[in-house]
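The same chain A turns up in both complexes below, where it pairs with chain B and then with chain C.
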Partner chain A sequence: MMDLFLQTLANALIQSGTYALASSGLALAVGVLHIVNFAHGEFLMVGAFVAYWLSVLAGIDPIVSLVPAGAVMFAASGVIYQASIRRVLLAPELNALLLTFGIGITLQNLAVLAFGATPRVVHTAYQLTAVTVGPVSVGVAPLITLVVSVTLLAGMYAVLYRTGVGKSIRAVAQNRTGAHLVGLDVDRIYLLTFGIASALAAIAGSMVLVRIGASPHMGFGFVLKAFAIIVMAGLGNLTGVLWASLVLATAEAFVRTYVPGGGGAAEAVFFLLIFFTLVWRSWRTA
Partner chain B sequence: MNRIAVVLVVVALLAMGGTDALAQREQVRIGISLPLTGPASASGKAAEAGYRLALDEINKAGGVLGRRLQILIEDDGNLPAKGVPIFTKFVTVDRVHAITGIFGSAIGVSIVGPAKLHEPLIAMLGAASPLVERGFEGYKYLFHYHPWAYHNMEAVFNFMEFVRTGTGASTIAMLYEDGPFGSAGIGDTRSELIRRGFDVPFMESFKTGSGDFTALLTRAKRHPVDVLFWIGFDADALPIAVQSREIGFKPRLIFGSPASWPVGYEGNPVARDVAGMAGWTSASPLPASKEFVKKYQAKFGGLTEEYMAPMGYTILTSLAAAMNKAGTTDKDRVAAELAKTDTDTPMGRLKFKPSRLSPSVYQGFDSDLWMVFQFREGRRVPVWPKHVAAGPLAWRWR
Partner chain C sequence: MRWVGPAALCVALLVPLVPAGGYQQYVVQVATFVLINAAVALAWDIQARTGQLSLAPAAFFGLGAYAYTMAALRGVPLAVAFLLGPLVAGVVSLGLGIVTLRLQGLYFAIATLAFAEVVKVIFKELPLDLTGGAVGLTAPPLLGGHQTGLYYLGLGVFLVVVVASLAVRHSRLHYAFTAIRQGELTARVLGVRVVRTKLLAFVLSAALIGMVGAYATSRLFFVIPEDTFGIGLSVTALATAIFGGVYTTAGPVLGAVILRSLEEVLRLVLREGYLAVYGVILMLVILYLPGGLVSLWNRRSRDVAGGD
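Right, the complex of A and B next:
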């Protein structure tokens, strides 16, 4: 019984790495640009396909591909930002929501047209490898994802709180007008932030490729969970993303393990967490 | 003079239109409804290739009734909202001589009403749910080629019996997706396995595409499981195989039954000896299958492992043969000839019999269609049943 409990905790910890990686970019976009980017899941999908094709055509490992995948999405998001996002930043929030939803649908269908709807998988040597400690066994691939996730979040934290650029980003996030008045190029900082957020999504895509493959429809599930995580963390709270990811992953793992019929029900856990978080927040502030 | 010129032009145009209409009437037309986009597009595109291969062959051999066969392919996206208008258009606008395709059961059920209204000849490609069978009760013009869902489960039971006989395996863990595909009749499936003497200590649902199976596999690992049997979609194949390794769950066989498998799965070492069920594989030793593979390679320059390709090919060739034998496109006489079909196909012997739940419906393939293969050296190697096996069942999953 204790073995099952420990393995469940390990499963949760491992899954939280994937969730944190998938949601950190969304948290950044919400925190700084104040838009909920519903195309974030499709940016993740683009990263997975970049890593897939680099693996198939050039034999590049998906872990190495996280750099080009991030770079491709960083560049692509610049185009998307200039062509569309920046035009709705000052408009009512619903406009940005609908716009990013449309971008997501477009990317998804372009991927179906280009690659078909069938998932695609890659092979890596560590896909078959697991680390066993006592009764607990975890895969090397998700372990790497966890390490990458924690490293990236720590790096992001360092950039935001220890560098001039980070200070500018925080200033714009806190008060766009004030930042503009003290001479910051707000538009440029938005562009940079949106690029970093999109690159983080693509990096998450290249990391999940090893475990679940790449498919045009893979992004939607991630964006829903990422949304639950940033709601729990507090909109725009980057440091809270790790803990919120751990809470979601743990809740799902325990429902799947200990609740009869939990395999299907676990996918509703994030709805419940959003609900309880919002109720608790409104009760606390009432 | 001008008036005469105008009249002549009008007459000429009418004549041309009339000629076109005549040409259209003279052609034998078959409407095909397929999911060419959306999640089922892999199967739809495979079926389209099969139909096109058959079309070339039929027209090269002189067409149907001495006329050129024409096929009208429409994309239904596997959605009833598209499938029903396409079906109605085939009957009322295109006035086709027969309708084929129809992959998803949801469309199969949705066209029952329009079909009973217009009564076209239907050669159905998929739609395996018994709801479709029940819906068409009393209908005289439905030829259902694909096995029904209960045929599929019969094949699973027979394979499990084979595994037990050969290896002594008796304990099965079941994972099934919680949608209609995976969960329909799942309780009956478990009961039947238990009735046949198997132990099913673990059965759990999952959300397809969720990608995280570690918790469920951790629970399954607690039981001394011989076979992990999962019912889901292609998106679930990799996570199940990979995450079994990650948590150290090693059943002696992983057996899945998705309609299609991910691209690149064959060549992935994680898939080695994973078993799957298919209506056909390109490695099938049947002579008609070898012939089909040769023709397919000649036309498309590559191989397919999707059984919907030979299914589409089989449907169109048998339909054309029945029309030629009937000597007419009259649906009653074509249906009578089609009912007499008894021929070798790439997928085995095709012979129609009254359907089990709705005897007016003609049923083509049954549980005998299915074979089980294992992924080995980047290929799908048939291992069951004996008459198509190209290798032994690899036991003790590595």
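Right, the complex of A and C next:
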């Protein structure tokens, strides 16, 4: 009984690592650029496929591939920013939402065209091994993804709060005009932030590849969950993302374990939480 | 411009009579799907005129579809089952509208999206003998499944939505909707009953989409949660309206004719992934033609006649 409880808790912790990584990018884009990037899930998908092909064609371990996956998406998002996002930053916020929606649908369907809709998986030696601590057994692969997520998140916080670039990013997030007045190149900061946010999504993608696999449609589920998380955290609140990831991953894991036939219900938990959080907040503050 | 509507209606009436030989059935089928897409996009647009971007059309479409199917399978007369479609969608949208009333812009969009996903999961997880679970149900066809008859019924459904759209456009509601879209606070100061008007737009739009859902199901003969409540439906609706031109009646219809025909061609060529077209069009229109195709026409007629 207790064993099952601890196991569920361990699963939740590991899942929350991936969620936090995927959501942090989204929160960063919302907090700094004030755009909600609906294509974030597809960026994650791109990362997963980059890692997949590197593994299949060059035999590179997907964990190592998080570097090229992140780099590819960093560069690609730069192009996307210059060609499109930049033009809608000052337009009504729904334009940006629809634009990124369009980017997401395009990427997703291009992936279907290029790779087919069938999910793909990679095989590594460590995927089959597990570490057992007392009653809890955790796969080595999920454990690695948790370590990577924690490291990267710590790195991101270090950059944001301990470096000059981070200070500039936070300044732009706080007040675009003010940052511009004191001589910061707002456009470049936006470009950089969007790049980092997108790279985080791609890295999360290569983590998902190791644990589950890659498919063109994988992004949508993740972006919805990432929305749930950043909405719970309060839009743009980065520290809140960590807590919200933990809460939502735990809720999901426990529904999955303890509710009969809970696989499908676990999906609904997320959306119910996002829905009620939004509604509750809107009525409380009004 | 006055002749365009009647002319288009004549063309629509004549579609089943086109002598297309072996392709006759196919032409009517595509025309039916154009009508369905146009009706959903147009109904979505009515609600969008208040400035609220709903991502839940799929939910109301699905509710209408399931209401019709589940009632019809339990022996309810088909005509009554059909009317249950808009009724159920309308009632549910009233509830959703009331709780999401205070959400603005982005938050409203995300809440409606979450709502649509929850409804989908609920229908998937309900007992099998009730909703058929993930496999869905077979729907009894209206009019005995007669294709040409169903086409004309579809035309009727479409015309109901067109009339609703035009009625809103040419009544005082038009000013209320526009005022709310451009600034809720200002609208309130001007004496617009904001809450009531927004709810009216939301429920009217949802009920119309529910009606289209019931009709589409009687034409497609089945409901499946993944498709009937699919996000693809919402994407198509808003991409169609935005491509053609939002806040107009002609825009979504024009958008549906072009996009759905294009989709049919691409479906034959690509078989899957053809939705990329919707994505690309959405991107290009937002970037280069925020008023949609209709704005091209209006720009020209303004040059010529000095007005739209």
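Rule of thumb we're sticking to: the second predicted complex is superposed on the first by the 277 of 286 C-alpha atoms of A that agree within 3 Å, B and C clash if a C-alpha of one lies under 4 Å from a C-alpha of the other, contacts with A are read in each partner's own complex, and residues count from 1 in each chain.
Just so it is clear, a residue touches a chain if its C-beta (ideal position, glycine included) is under 8 Å from a C-beta of that chain, and two chains touch if they have at least 3 such contacts.
A quick note: this is a predicted structure, and the numbers were derived from the prediction, not measured.
J.: Clash or fit: chain B and chain C on chain A?
T.: clash
J.: Which holds for A:L224: it touches chain B only (first), chain C only (second), both, or neither?
T.: A:L224: touches chain C, not chain B.
J.: Of the two partner chains, chain B (first) and chain C (second), which one does A:R211 touch, if any: first, second, both, or neither?
T.: A:R211 contacts chain B only, not chain C.
J.: Can A:E252 be said to touch chain B (first), chain C (second), both, or neither?
T.: The answer is first: A:E252 touches chain B but not chain C.
J.: A:Q7 contacts which: chain B (first), chain C (second), both, neither?
T.: first
J.: With both complexes superposed on chain A, which partner does A:A27 reach: first (chain B), second (chain C), both or neither?
T.: A:A27 sits against neither chain B nor chain C.
J.: Contacts for A:E267 in the overlay, against chain B (first) and chain C (second): which applies, first, second, both or neither?
T.: Once the two structures are laid over each other on A, A:E267 reaches both partners.
J.: Go through the superposed model and pick first if A:S137 touches only chain B, second if only chain C, both, or neither.
T.: first
J.: Going by the contact rule set out at the top, does A:V112 touch chain B (first), chain C (second), both, or neither?
T.: Both chain B and chain C are touched by A:V112.
J.: For chain C, sort through 1-9, 19-27 or 109-117 and name the stretch that clashes with chain B after the overlay.
T.: 19-27
J.: Taking the two structures together, which residues of chain A meet both chain B and chain C?
T.: Of chain A, residues 112, 116-117, 261, 264, 267 contact chain B in one complex and chain C in the other.
J.: For a test of understanding, state which residues of chain B touch chain A in their complex under the given definition.
T.: Touch residues, chain B against chain A: 37-42, 45, 175, 178, 204-207, 209-212, 214-216, 218-219, 222, 234-235, 237-239, 242-243, 245-248, 260, 262-265, 267-270.
J.: Which residues of chain C touch chain A once you look at their complex with the stated criterion?
T.: Result: residues 53, 99-103, 105-107, 109-111, 113-115, 117-118, 121-122, 124-125, 231, 235, 238-239, 242, 270, 272-276, 278-283, 286-287, 290 of chain C touch chain A.
J.: Chain B touches which residues of chain A in the complex?
T.: Within the complex, chain A touches chain B at residues 4, 7-8, 11, 14-15, 56, 112, 116-123, 127-130, 132, 137-139, 141-142, 208, 210-213, 215, 217-218, 221, 252-253, 256-257, 261-264, 266-267.
J.: Taking the complex as given, what residues does chain A use to touch chain C?
T.: 36, 84, 87-88, 91, 93-95, 97-99, 101-113, 116-117, 220, 224, 227-228, 231, 261, 264-265, 267-268, 271-272, 274-275, 278-279, 282-283, 286
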